[in-house]
Every structure is written in C-alpha cells, then in structure tokens.
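Both complexes below contain chain A, partnered by chain B and then by chain C.
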Partner chain A sequence: MTATLLNVENLSVRFPVKRRWGQSTWLYAVDDVSFEVKRGETLSIVGESGSGKTTAALGVARLVPNSAGHVVLGGEDFLKLEGEDLRRARAKIQMIFQDPYSSLNPRLRAEAIVREPMDSIGTAPVEDRPARVAELFEQVGLRPEQMKLFPHQFSGGQRQRIGIARALSTNPELIICDEAVSALDVAVQAQILNLLRRLQRDLGLTYLFISHDLGVVQHMSDHIAVMYMGKIVEYADRLSLFNDPKHPYTKALLSAVPSVDRARKVERMLIPGDPPDPLNPPKGCRFASRCPLVEDACRAAQPPLDPVGNDHRVACIKAS
Partner chain B sequence: MALLMTILQRLAYAALLLIAVLVLNFSMMNLAPGDVADTIAASMGGADAEVMAQIRAEYGLDQPFLVQLANYIGRVLTFDLGYSYFYNQPVTKLIFERLPATLLLVITAQLLALIVGVLLGVFSARHPNGIANYFVTLLALFGYAAPVFWTGILLLIAFSLKIPLFPVGGMIDVTVEDNFFAKAVDIAHHMVLPVITLGSIFLALYSRLCRASMLEVLGSDYIRTAKAKGLTQREITLKHALKNALPPVVTLAGLQFSAVISGAVLVETVFSWPGLGQLALTSILARDTPTILGILFFSALVVVVGNLLTDMVLRAIDPRVRGRA
Partner chain C sequence: MTDPLLKIENLRIELKLRSGPIPVIDDLSLELNAGETLSFVGESGCGKSMTALAIMGLLPEKVGSIGGGRILFQGNDMARMNPAELRAIRGNEISMIFQEPMTSLNPVYTVGEQIAEVLRRHKGMGQADAWKRATELMDAVRIPNAKARVGDYPHQMSGGQRQRVMIAIALACAPKILIADEPTTALDVTVQAQIFDLLRDLGRDTGTATILITHDMGAVAEMADRMVVMYAGRKAEEGPVEPVISHPRHPYTKGLISCVPHLLAELTEERPDLTEVPGIVPSLGSFGADACLFASRCYMADAQCRNARPPEVAFGPQTSACWKADIV
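Presenting the complex of A and B:
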C-alpha cells in the first residue's frame, strides 16, 4: 500500500450568481467532494462538460476563489495558506493546462517560460538554472536550440511539451493535468500521454488527471473518480471501474465509448434529457431525473458515497 | 539587415507622403481668399490696384498656379522654405527658433500622459470594482470631455490668479540669472500648467485604453498559468500582463502625435508659450503664406517621424512584430 500524497476532504467551490433585484445566490460547481491520491499514482476525474471536474482541479490548485474544505498535501492544508506562503507552496502543485495556445505568454521565449518559476520561487540555485532548463527541455523531448524561440513558433504538441517542462521546473509533488491533451490531435495526444507516463515512471510523479475522454483515462489512470453535477458518483480502481461499473451514470458513460471491435458491441445505454438546473439542484440524487433505475427513495435524500468493494465506492442506493 | 531595409522603406514612403502634403497644403493656401498683398495694403492704410499688382509681382504671386507650385516644391527640396512677408525673416529660421519650445511642451505632455495614463490604467484594471477605479474613470471622462483651452483658462484662474503658484504665461522669466540650472528650473516652472492642460486629454485616452487592454489580458489563460507557476502579483501584472497590454496604447500614442501638435496650438495661445502654435496663429492672421506652409510642413514632418518612432518602439516591445515587414 503506497502512502497518500494528496487528501481532499469536503472540497466545495461555489460561484456567486447575480439574480434580479441585486439578489445573489451561489452556484456550487463542486459540492462536498472528497478523494485521495496516492504517491506515484494517477487519479483521473471524468465527467461530462459542466460536471465540475475542471473546477475541482482549479480548486485544488487554488486558482479559483470561494473554495471550502481541506486540500492536504504533505501534512499542510493548501486551502488555509495565504499570500506569500501560498505562492511558495504553489511549487508543490503545478498544472498543465488544456489549451497550449492561449496558456503560454506570447511574449516570452520558451526558455524564459520554463525558467521563470525557478527565478520567482527560487527552487534552484542561480548558477544551476540554465543547466536545469536545458535538462527539462531534453526531458520533454524538445531540442536545446528551440529554447530561444517564442511560443508561436511551436506546434501544439511542442507547446504542450513546454507547458510540461514549465510544470516540472519547480520539482512539484503533484501535477494536475487539466484536459492536457484534449486540444491536440490524436497522433500528438498519444505522444504527449506517453511522455507523461514516462516522466511519471522516471521521476515518480503523481498526477491528478482531468479528462472527458474515457479512452485516455483508461490508458493513464490507477484510480478513477466519476463526477456528475459537482458530486463524485463513483470512485474505483481502473479495472473495477471499466469491468464492473456500479453507478448507472458510469454505465451510461462507458457504453457511450465507441468501439472498433464489432464482436464486443454492447447495448448502448441512453440517458434522456439534460442535467437539472445547477442553481437549483434536486434534493435527492442528482442523477434521479435521468436515471433508468430511479425509484422514490432516490428523490428523497442524497445517496452517500458508500464502499461496495475493495477500493470501490458508489453513490447509489441501487448499487449495493 | 532586415531592420535597415524596413527603415529605408519607411523613409521612402515618408518622403513621398511629405511631397503629397506639400502639394495639398500649397493648393489649399491658394484656394483660400486673401493674400499678403491685402495685408500690406491694409497696413499702409489702403492701396490702389496698381500698387497691389506691383506687390504681387514682387512676391511672384502673379505667376500661374502650377508655376508657383513647382517653384515652391523646388525650393523646399533645397531646404529653403521661403521668406516670411510678415516677420521679414527666412521661414526656416523662424521655425527653428520656435520648434524647440513646441517640442519641449509636446514631448513632455505626451510622456506625462503616457506614463501617468498607463499607471492609472493598470491600477484601475487591478481593482475594477474599487472606489478608486470610479475616481479614475471620472477623471478620464472629465479630461476627455473638457476642451483644452477651457481647462487651460480654468487652471490659469485657479493656480496663477487665485493661488499664484505658477506664472500666467510665457516660457522664461527675463529676470532669471543667466546660468543653465536656474533657467531650466524657471522653464520647468512655466511648463507645469501648459503640460497638465495639454496632457489631460491624452492622459484620459491612454488610461481608458490601458485599463481595457489590461482587463482583457488579465482574463487570459496565460495569466492563470503565471499564477499557477507561483509568480508574485507584481511579476504577473508587470511582466505578463502589462507587456501584452501595452502595444495598443503605444500605437494610439503614436497616432495621437498629430493631435498633440494641433492641441499645442491652442495651449500655446492660452499660455503665450512662444512655440510653433503661436507662430501659426499670428501668421494665419497675417496671411503670411510661406510661414504657414512652413509650419504645416514641419508639423507633417514631426508626425511622420513620430509614427516612425512608434513603429520602432512597437518592435522593441513586441517580439512578434520583428521579422515582419
């Protein structure tokens, strides 16, 4: 059993929403979510658009305001840090962002983008920094002569490599990949995913991997959390989740993955309708309005995330 | 090398543009009613047609239009802007006497407006909902809406008349002792009000544009990246945001250079600043065509040079512009 690196407890992220007559309410994009990530492993969070998976990642990285709960990394609660302490602690949690085109400052050379965190937080001695930048470039598969170029002179995949080198520059303990490959075309996706896996193996990195692509998730993860409307509905290790999904939403998601294997063709499980209004979430299970197995008890109270097996938790009263 | 080619290319365009300006100015002057003969006749207390014709012949005004135009352009190409009828001095000499005063005023006002405008813009973009932001907005609206001469007169009444902090007009006090430092201080003292007056409009413009541009940049993904990297707020604002927000402001400042010069005409009149603007006004009233044409030509020259400099500055702050023509 490996040690837990990141422990997220009761994380909520809410946004103020203005209504008429100056009233405002809160939209809970992430609602009371708990999970842990073990050192050297990859936890993926999957879910449809608007399920709160990216917001959860941004909440962990302290990049959105109005977060509540605990994000404990190495005995320190990341959500309690402020100001200079928070800034220095950011070295431990780094992000790789979705869009490699807009997330790099167009006016900085690749070298400066990678080097800047070291200069700002001081994670390496001054005299070692040029060598460290060169080493990072090599680790992510970029050529040393590309260090002097500007972001627009790179392709999408190369830009994402710069983003990865930048994330590595502070020697982080946790790297959050927020849809890190979804802006890239499939061939490049595979290269970047393999690079991420190689880096994990070589450097012992821990990933929190946010994706909507189940194929990518299956390739990358040790554990998977499925989110729906700001809640985790199922958490399991990879094999259990893909072979024995318990929650009807997870089943529906998995059945939606297209397969090239004609023999393995499964019956598509369709879920009708749209998710309910997030400003006014249902009292009971949030999936109740679209669930094929729904019964009255589902609408009465929110099902807790209960264990159904070894390392497998489901928030559904019909699952156990 | 590419840079040199670009500069040469720009200079060639600039030369063509200046010749076009010359032709246009000269034609317009000829279309306008009245000439120097009228003024001279008026100052003599009236003259008959024969004397008028004699005066016109003396100044070459009886020649056909195209001949006059060709003569004029020919002379300008040899850096001879003609002879002022009114001041009885070469126009070039007149202009070079006045040019430093105007440039001093215009460049100081422009720099002040840029620096303070950008600072205010950055400040209000960083606190978009604060009270100070509304104050900056109000100041900008006032600066932009108020006519220059009105602001000038108001400042004169307030800070020269009621509270006599600054001189009423002029550029230098004749009683000041003749050493460089004392003179510089005296000129700076005279400059305060005119510079504030001229700078106020442009300050308003730059602060608004800088605020809008900063707000846009601050919302972009790479600012979030910078924050996630763990940079300080200062590094994020100055290095990542401002550097990306500045080009529109610099471009506008370059384009506004001509407006600053025309604004200077009004400000110089209000504050009796001995610059080109004042010279322009008196020579227009005197129908002193060569002087007016000379001033217009010089203003065009200053604007063209200003735009050229803007391009160079943009290259310096935006690496992406480099390498493109």
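Presenting the complex of A and C:
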C-alpha cells in the first residue's frame, strides 16, 4: 500500500462577486470537495472551463483567500499553519503554470529564476545554492551555459523546463501542474510529459495534474477527479475512469474526444446547452439541466459522492 | 473528372528579411475538391495559417508576398487578382473562421447586425431580409432560441456560441470553401464535438469544401477526408486520412501521430514513454535550403537528406517528400 501524501477534506473556495446596485455575493468556485493523493502518484483534475480546476489547485496551494476545509499534507493541515511553520511547509508544494512566456520574470537570468524560491523560502544553505541550480539544470535537460540566458532566449519547451527546475528547487513533495503542456506544440509536449514522468520516477514526486486534454490525462494519471461546477462528480483510478465511466457527464466528456483509434467507436453523447449560472447553482444535482438521464429526484437533492467499486466514486443517483 | 475547386500550383510565399527573401511556403501544390474536407497539420511555424491567408487573399503586405506559383480558384489565378477582385471572393465564395471568436467579432455590434452586414455587403440584401436571414442562420448553427439571441452582443454569449456566430457569418453567403483555422482550440471538448458535428452536417447539406487547420490528429481522423502534413513551409506528406494515419510515409507524420497520447478503445496498464521528436522546427534562416529540413530531428537522416531536397514519391494516392519514404 502506498501512503497518502495529500488529503483534501471538504475544501471550498469562494470569490466575492459584485452584483447590480452595489450588492455583492459569493461565487462558490469549489464547493465542498474531498479527495486524496497517494505519495508518488498523479491525480488529475478534468472538467470543462470554469468547473473550478484551477481554483481547487490554488486552494490546495493556499494561494487564494476565502478557502475553507482541510488540506492535510504529510500529517499537518496546511491551511491552519502560520509563521515559520507555513514558510517551511510552502517549500513542499510548488506549481508549474500553463504559460511558459508570462510566468517567468523577463528581467532575470534563468539561473536567478530557478534559484528564487530557494532564496525566498530558505531551503538549501546559501553556499550550496549555485551547485543546486546547476544540478537542477541538468535534471531538466538544459545545458550549463544556458544558465546565464534570459527567458526570451529560450524556446517554449525550454521555458517550461526552467519552470520545472524552479518548481523542483525547494525539493517539493507535491507539484501542481496547471495546463503545464497546453501551450506547447505536440512534439515539444511529448518531451515535457516524458520529463515529468521521469522526474516522478526518479524523485518520487507526487503530481496534482490539471489538463483539458483527456489523452494527456490518460497517459499521466493514476487517479482522476472529474469536476462539474465546483463539485467532484466522479473519482476513479485510470482504468476504471477511461474503460468504465459511470457519471453521465464523464461519459459525455470522454465520448466527445476525437481519436485516431478506429476501434474506439464510442457513441457520441451530446450534452445540450451551457452549464447553469454559477452564482445561482441548482439545488439538486448540478448536471441535471443537461443530463439525458435526469428524473425528479435528481433536482431535489445533491447526490453524494458514493463508492461504486474499489477506488471508484460517483455522485449520481442513476449511476448504480 | 471535374476540375478541382481549388488548385494550388508550386506556390512560393516569400518573407523579405534584411538578409534576403526567405520562402515561408516553398513549392507547395495541392488540390481541394467540392464538398471535401482537407486538413492541414503540422507544428506552429510550418506554414499552415500562411497558406490559408494566401488562399483568402489576405497575406499582409509586410509579412509575405507571393513569389511564384498559382492559386487557381475555379480556374482563375488568385495570385494575380487585384484587391477588388479578391474582396468580391473573400467572405463570399471563400470564407474563414479563426481560433478566437472574441477577437474577430466586433464587441459594439449585436451578433445579428454582424451577420446581416455580410449579407448586405455581398448579397445586396435589404435591412429586413438580412435580419431575417441572420436569424435563420443562427438557428442553422444551432444557437438555441435564435430569435431572441440575434440581438445579443458577443460578450453575452459563451465561447461556443460565439464560435457558432462566427460560423454563421462565414456561411452567410453559402461559400464554396470554408477555411477553419484551429476553430475549436479555445473550446471545451464537449463544445468542440458540437462544432465538429455542425461543420460536418453543413458540409453535407451545402456542398461547401472545408480546409481544417489543426494540430489534433484525432480531429483529423474524425473530420477530414484527406490531409496535408506541412513542415517548415513544405509539404511533407499528403493523402487520404485513413492510409496516412495507419501507415505514414514520412517520419515527421509518424512522429506527430506517435508523440501524442491518444484515447484508445481499451486502455491497459501499459504506459510506455511517448515517442519523442527531438528538437524544434528550424528557424526561418534555414528555410529554402537544398536539403530535407526535417533531417536535424529525424532518426533516419543521412548525408543525402542533409544535402538534397527530397522529391515527392507516390504510394498510390499518398505522397511523401522523404528520401527514405519506402522504408518509413
């Protein structure tokens, strides 16, 4: 049995939103979400734009205000830490972002970018930091002479390697990758995905991986959480999710992906319309307004995320 | 055999750099038949969008100019047409939809006005008729409750709905050719599936030929009849989708297919590393060289590949510009 590294319990993140006549209200971008990630594994979060994937990740990394719930990392609740404990714990969670162009400070040399988290969090002793930077460059496949260059002197893929080196600099246990390969051309994307998997094997890293590309998710994940309007509607291990999806939304999502595999002739399940207004979520199942299986009971109460098998949970009263 | 709707012959598009002209499209030939869907695939910087802009007569003066070859639309060479002749074709007989619908729609006009404007300009319709037709078109692209939504401004619509409005504008004049440049990249897969279904149905109903520019081989497999793989401004491979995907004859095509993790009919525990195509697309400086421009990234390359541009070799309906095409 692999041990659990990250245990997220009842995480909610809300944003204040201005309405007409100066009133304001809360948008629940992530609404009472729980999941766990085992050490050395990858959990992916999928779901349509606006479903709350990024917000959930930011909530885990404690990078948004107005979060509630527990983010238990290696036994301590990250959301409750303060002062020196918080600073120490911050080193354990790092993020890699989508845009390798805007997420690097254009005025800093690559070596300074990679070194920065070590300086601000104070991980390695000062005299060890240059050697650590050199080691990181090698680990991500960059050449030593590139340490002195500025971000604009690198290609997109190389910039993403700098972002990875920076994330690795504090010896994190958990790395959050938010659409980390989405901006890259397919050939470069493959290079970065292979690098991420190799680093995971070599360093025992745990990933929280966000991508809208279900082929990439299939390749990278051990477990997958499917989000819809701030809720997890299905959680399963890789084979169960892709070979035996249970939630109608997951089925629709998978059936929408075009594939080169001619044998993969799934019947396309179209879901009509748009998701409901997030400021005014329905009382019952949030997918009810677009679900082909909907019945009255679905609109009455939120379905709980119940087990339907080993390592497989679904929030749908029609799924079992 | 009828003549193809569009025939590109030995097209060369040059970029004027201080060091001299660079061929960003280099000796490209292809044909598009009425009613068919042709896909352009390749990494960014390989000339897919440049080719599309040339077909639209939209090459920005500063970016590139046609340095040779012909673009025959129904037998007439667009490369030699004057701006007025091009304007009469553009948006009327050949139209285009882009990746980001928000930047191509005007935020200060309602979507209905924007569709109607195209009809007034190209079809000389009156205000009332154009408005009525705009509503019908929004209905045709399956925007629910079209009658009420024609008066909406772009920002009142979702990304998928805006892309549908773009399609409605592009289809307003029943064009013979629709060029779709990464039309679904900014959209969710569920919305992409709806847009693809829509494009397919419209193609079937109206006989419009489509050029689909995409980097997604899955989309090519589902949408296109034939495909052209472009690399560094040149055609690497061309052919019907099925044989090209199941047996590519160019190592670049092969790399593009195998470097992407696809969804499979039945997933297994097995997860080998992805095949890597090392390196990146060469810089413009090396475009035009008498060599295979893919050689620096190719696992098969030898001296011949580095010293002479490979000719096209045919394998039935498939062609490949590779010295080693027969053993790929």
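The rule is short, and it goes like this: the second predicted complex is superposed on the first by the 313 of 320 C-alpha atoms of A that agree within 3 Å, B and C clash if a C-alpha of one lies under 4 Å from a C-alpha of the other, contacts with A are read in each partner's own complex, and residues count from 1 in each chain.
One rule holds for everything that comes next: a contact is a pair of C-beta atoms (placed from the backbone, for glycine too) under 8 Å apart; a residue touches a chain by one contact, two chains touch by 3 or more.
Since the structure is predicted, the reported quantities are computational estimates derived from the model, not experimental observations.
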item: Simultaneous placement of chain C and chain B on chain A, clash or fit; value: fit
item: Chain C, chain A and chain B - angle at the middle CA centre, rounded to the nearest 10 degrees; value: 80
item: First (chain B), second (chain C), both or neither touched by A:Ile45; value: neither
item: First (chain B), second (chain C), both or neither touched by A:Arg87; value: first
item: Between chain B and chain C, more extensive residue contact with chain A; value: C
item: First, second, both or neither for A:Leu136, with chain B first and chain C second; value: neither
item: Partner chain(s) touched by A:Val37 [first = chain B, second = chain C, both, neither]; value: neither
item: Closest Cα approach, chain C to chain B, once both complexes are overlaid on chain A (Å); value: 16
item: Common interface residues of chain A - those touching chain B in one complex and chain C in the other; value: none
item: Residues of chain C defined as touching chain A within the complex; value: 43-44, 144, 158-161, 188-194, 196-197, 215-223, 245, 255-257, 259-269, 271, 273-278, 280-281, 297
item: Touch list for chain A against partner chain C, complex; value: 48-49, 155, 157, 185-191, 193-194, 197-198, 212, 214-216, 218-220, 238-239, 242-243, 252-265, 268, 270-274
item: Complex contacts: residues of chain B adjacent to chain A; value: 220-222, 224-232, 235, 240, 243-244, 318-320
item: Complex contact set, residues of chain A against chain B; value: 61, 63, 87-91, 94-95, 97, 99, 102-109, 116-117, 120-121, 150, 152, 163, 166, 170
